[in-house]
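Shared between the two complexes below is chain A, which pairs with chain B and chain C, respectively.
Let's turn to the complex of A and B:
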């Protein structure tokens, strides 16, 4: 069994540095496990306590005479090597070292030491200097962040890997705010043990992961990365945001995590060669993750647009027509005739199809089902402006129903504040991806098509 | 006095087609005037009523023996000419015809007729087939939209012109959701009377308008537009989103509003020639409006970045370095020395300046004030990730204080869901523009610099 599995699916965990004091790292992690209902065994370790919040606490992990699949270590850096030795002796299978104070402040010796201990005992190691791991299904959560400051995503298919804790937490919060679902999250920090390549390798074989999303400042081991990427070429969508694309950015990245960002053009060429989807901004990363989580392979590149706002239909037409690869489909004769029979006389039968501001669930239903059946349409963009007379919860529900019964990619576009946001969340949580601008829709459909075309060629 | 002024600043208004029935256009408009506390005189006109909701109602506008600055007409299309004749005879100075059923369904004769009546009596005419006018200061609001479906922006300096009602309402809702302020809003529909050129001309001289934002599908009169643009070259920032940029989009625009989109390359060249800022997406329109509303002329193109998340600092460095015109500044020797004295030892003194995740209001205060005084820094991007330990309301307040006392452009970048959104709204409403991605910050600073450089050359 892959040792990494113990990190995500441990049957038992030890929290080393567990604390009763609210706000302390060892307390936040303990509270995470309790609050999220982690179903496995929890062992607490604190060298100064026999009991924490009414639970038994051990002075050393070696005192625990049961099997421990994973240990989270939240103790001062200088104590970590001794604690890890204990873990090795106790047969702990994997460790997450959240403590900082290693190579990021020049203490490479200390870091090499813990890497050596992990190796000696065959323990999988995440960290040090990281937020650690979250798994939405096993309810593992080592992230020591105040829970009121960031929302938690629902269970889903996106697995996210970030070197940086801050970027990681921002993206988690964004995923939750957008309403789409997370499988696994890893902030791996200094990567003394496992690095981004090992994690991608693991997630490629992980059935709970539909799309892998990565934020990196530098690839630790280029040769290993390429060998992994080659092995899994086209297996799953991988979205990558690489910081340090420019000379100034590269210098800043080096100052931040001592990453050698490398020549970005070289990096980008490698990513493309293996079919990775390249994000140029944090927002694009989110857009791409969203479409890959919810949509499968499109049969072709022809887009249909349905709208209740003419102007946004035109803007979306522009965005799609300016994209590479995707194009607007022409309605087949049959679809045009069928639509003409049921649409109000003022609705012009063409693509984009403008249903007018008074369009209700019935009109959308007819339009979507007819365009979905059209052999000349491969993917559908459904624009719903909730500011219009017809924009209500019934319409949102109908779109979700249509999405469930559809076998072609279908995404929604809705733009606005509170009232719109409420409906977006409802649709998004029911599996209909919702975008907030014509540009983001077009970029995402382009990315979807591009990946599946790449895969066909593999 | 410019007749258009009566549309925005009427001392008295008539609502023709006023209604007591909730949901009816003539009722929504009446309720708008009442609810928003319009301070002028309101006259109601309804051919079937002497009293509406306890207010006196007239059968015809000619029965009103007082001066009427503006009339809103919400009656069936075929009745509009007669009603407008009445308005002319009653000395009404301006009219907004919200009714549809004119050229957009082929009834160009009917439309020509009302255009002729407006001309005959010298009345300013907005519409038909439009949402009409909103003025956040005079509290004029003819928008017949359910108020729970879209938020209303605060008072501010952005004036927005849209041909399309749907796009207009979406953008109003977005402006409100973003928390920045509106001066005037016009949806002018079929433009039988005033068109986009007349409105831009008016807003260029309007002291309440700091930036003009336009959504158009076609320029009605190219020669007139160019003459206006030339007259006001560089006077105020104008942000323009032109739909129908592509061939497919242009066809869709023609089907939508019968606009002749024209050759986009030609349009774009004209816009650039007169220093207009071109938006390629709805989201860009918002970003640009925001920066022009809050920021003035930068002294140069050198950006300083302060962050509490290293990774987002690197991504922002990348975004700025990839932009045209703007660049990262190098800290002066004095600033570097001053910062070294007050910053924790782990803070690396450079640009971008990474204050670390535990940075509080004090550390931000020092960093901002020192970088603001640096002669080698012209504009400042302050990144605050509210997911970090230091991210709280006190920090948000401090940033607002620093913004108020600063004479260089300063924008914030914060990314996240509920907790972050709350703080973004607070900062935005206090005058600090907040962006949600590195890309949008860079694009906006680039647009700001570019406009003021253009202006210098005028």
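Let's turn to the complex of A and C:
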């Protein structure tokens, strides 16, 4: 079995540095396991305690005579090597070192030492200096962030890898505000053991992961990355945000080529070459993640727009027409005729189709079903402005119903505050991605199309 | 270090890439006899000069004794101010679309191959695409078609195929010659059914 599996699906865990004192890392992690109802065995280790919060605690991990699949280590950096030696001797299969104080402050020797120990015993290693791992299904959670500080995403198919713990926790909190769900989360910090390439490799084969989303500051091993990316070309959507776009080139270029090929440009070129979707901002990560999680392959690039507000329809038309690859479709003769029969006179039969502000669920139903059947429309954007007279929960639930029976990609666009937000969550949790701006819709449809086109060419 | 021009030219030839007829000239008379009545280009080659055109080190479309003598004098003067230099004479290529084909060694990802809109404004327009080596035919085709300037190229006969073929050859050259760290063919002048590589720069 892949060693990495023990990190995400351990049957038993040890918390080394477990603590009874609220606010301490070793306490927050313990509370997370308990609160989230981790169903496996939990062993506590603390060199100064025999009992923590009424649970038995061991002085050393070697004293535990049962099998341990994964240990999370939250002790000061200088004692981590000794603790890891113990883990190796105790047959622990994987470790997450959350402690900081390694290469990030120049202590590369200490980091090399723990990497060596992990290697010697064949233990999968995440960290050091990281938040570690969260798995929505196995309910493993090494994140030492108290649960009141960030909301918890629901269970789903998006797996997220972040080098930085801070960006990682921001994204987790942002995901919780979206209606799509999380499969796995990894903040891998200094990557003394596993790096982003190993993790992508694992997630590519992971059946619970539909979309991989990555934040990196740098790829640790470029050639290893390329060989992994080549192996899985087009297998799953990978959305990547790389920091350092504006970094100045480090070497003096002797050629035009080298002066064009800066570090960021080269990274981006490699990502593109292997079909990764490039995000330019944190919000792009969410936009792309949600469309890839819920939508499948579009048959073509022609977009249909249905709206209950003319202006937003025009703005969306603009955003789509100025995007690469996607274009506004033209209604077929049959669709136009069918629509004319059922739509009120004031509705102009064209794409974008403006149903007017008094549009109710019936009008939306007719418009969506007719446009979905149109062979000249490949993807549908349904704009619902809840500020309009007809904009209420009946529309939202009709959209969800239509979504379930549709075989073409379909997304919603709703802009607004509390009332809109409420409906957004309702629609998204039922599997309909909802966007908050014409630009984000256009970018996401473009990303969807371009990934599936890439995949077709593989 | 800048690889000597004719060594670089030979290396290209070994990979099936022809470049425009050239010769070092050490006097105006030599340049004149190279010209044989055909219009020529003369330029100063020096490892100190990356932007030859901007530095006034390239003189185009020279023909006849007077023009060639005058140009040789000017370029010699400019060359001397750079230290070590040579003057090269080349046939003048008829005008066309100027592209750049390049290679680079990235410390992480290894050999990269590049294509872009070339000429003297290459760093201003920054219209280029890049891939890690090796590349297949369809990769080369993606590289060409993803350029903003691909529409200009597409209008010109066999241009796309010529460029794709060049990219694949350069990718092979880079992998077969690990000592080449940077490479510029800039510009490669694209005509209807042919191309002229008019400047070569390889850094070891």
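Observations, loosely collected:
Following the convention adopted for this analysis, the second predicted complex is superposed on the first by the 443 of 458 C-alpha atoms of A that agree within 3 Å, B and C clash if a C-alpha of one lies under 4 Å from a C-alpha of the other, contacts with A are read in each partner's own complex, and residues count from 1 in each chain.
Definition applied: a residue touches a chain if its C-beta (ideal position, glycine included) is under 8 Å from a C-beta of that chain, and two chains touch if they have at least 3 such contacts.
If you're wondering where the values come from, they're calculated on a predicted model, not measured in any experiment.
When the shared chain is aligned, chain C comes close enough to touch A:457, but chain B does not. Using the contact criterion defined above for the overlaid structures, shared-chain residue A:255 touches chain B and also reaches chain C.
Shared-chain residue A:265: touches chain C; no touch with chain B. Once the two structures are overlaid, the count of chain A residues touched is higher for B than for its counterpart among chain B and chain C. Legend: residue contacts after superposition of the two complexes on their common chain; A:223 is shown touching chain C, with no touch to chain B. Residues 253, 255-257 of chain A touch chain B in one complex and chain C in the other. Residue ranges of chain A in contact with chain C, taken from their complex: 218-219, 221-223, 225-226, 253-261, 263, 265-267, 269-270, 273, 457. Contact residues of chain C toward chain A in the complex are 2, 47, 50, 100, 102-104, 106-110, 112, 114, 116, 118, 122-123, 126, 128-132, 138-139, 142, 182-184, 186, 201, 203. Within the complex, the chain B residues that touch chain A are 105, 145-146, 148-151, 162-167, 169-170, 173-174, 176-177, 215, 217, 241, 243-249, 252-253, 255-257, 280-284, 308-315, 317-322, 328, 346, 348, 350, 352, 354, 357, 385-389, 391, 415-421, 436-440.
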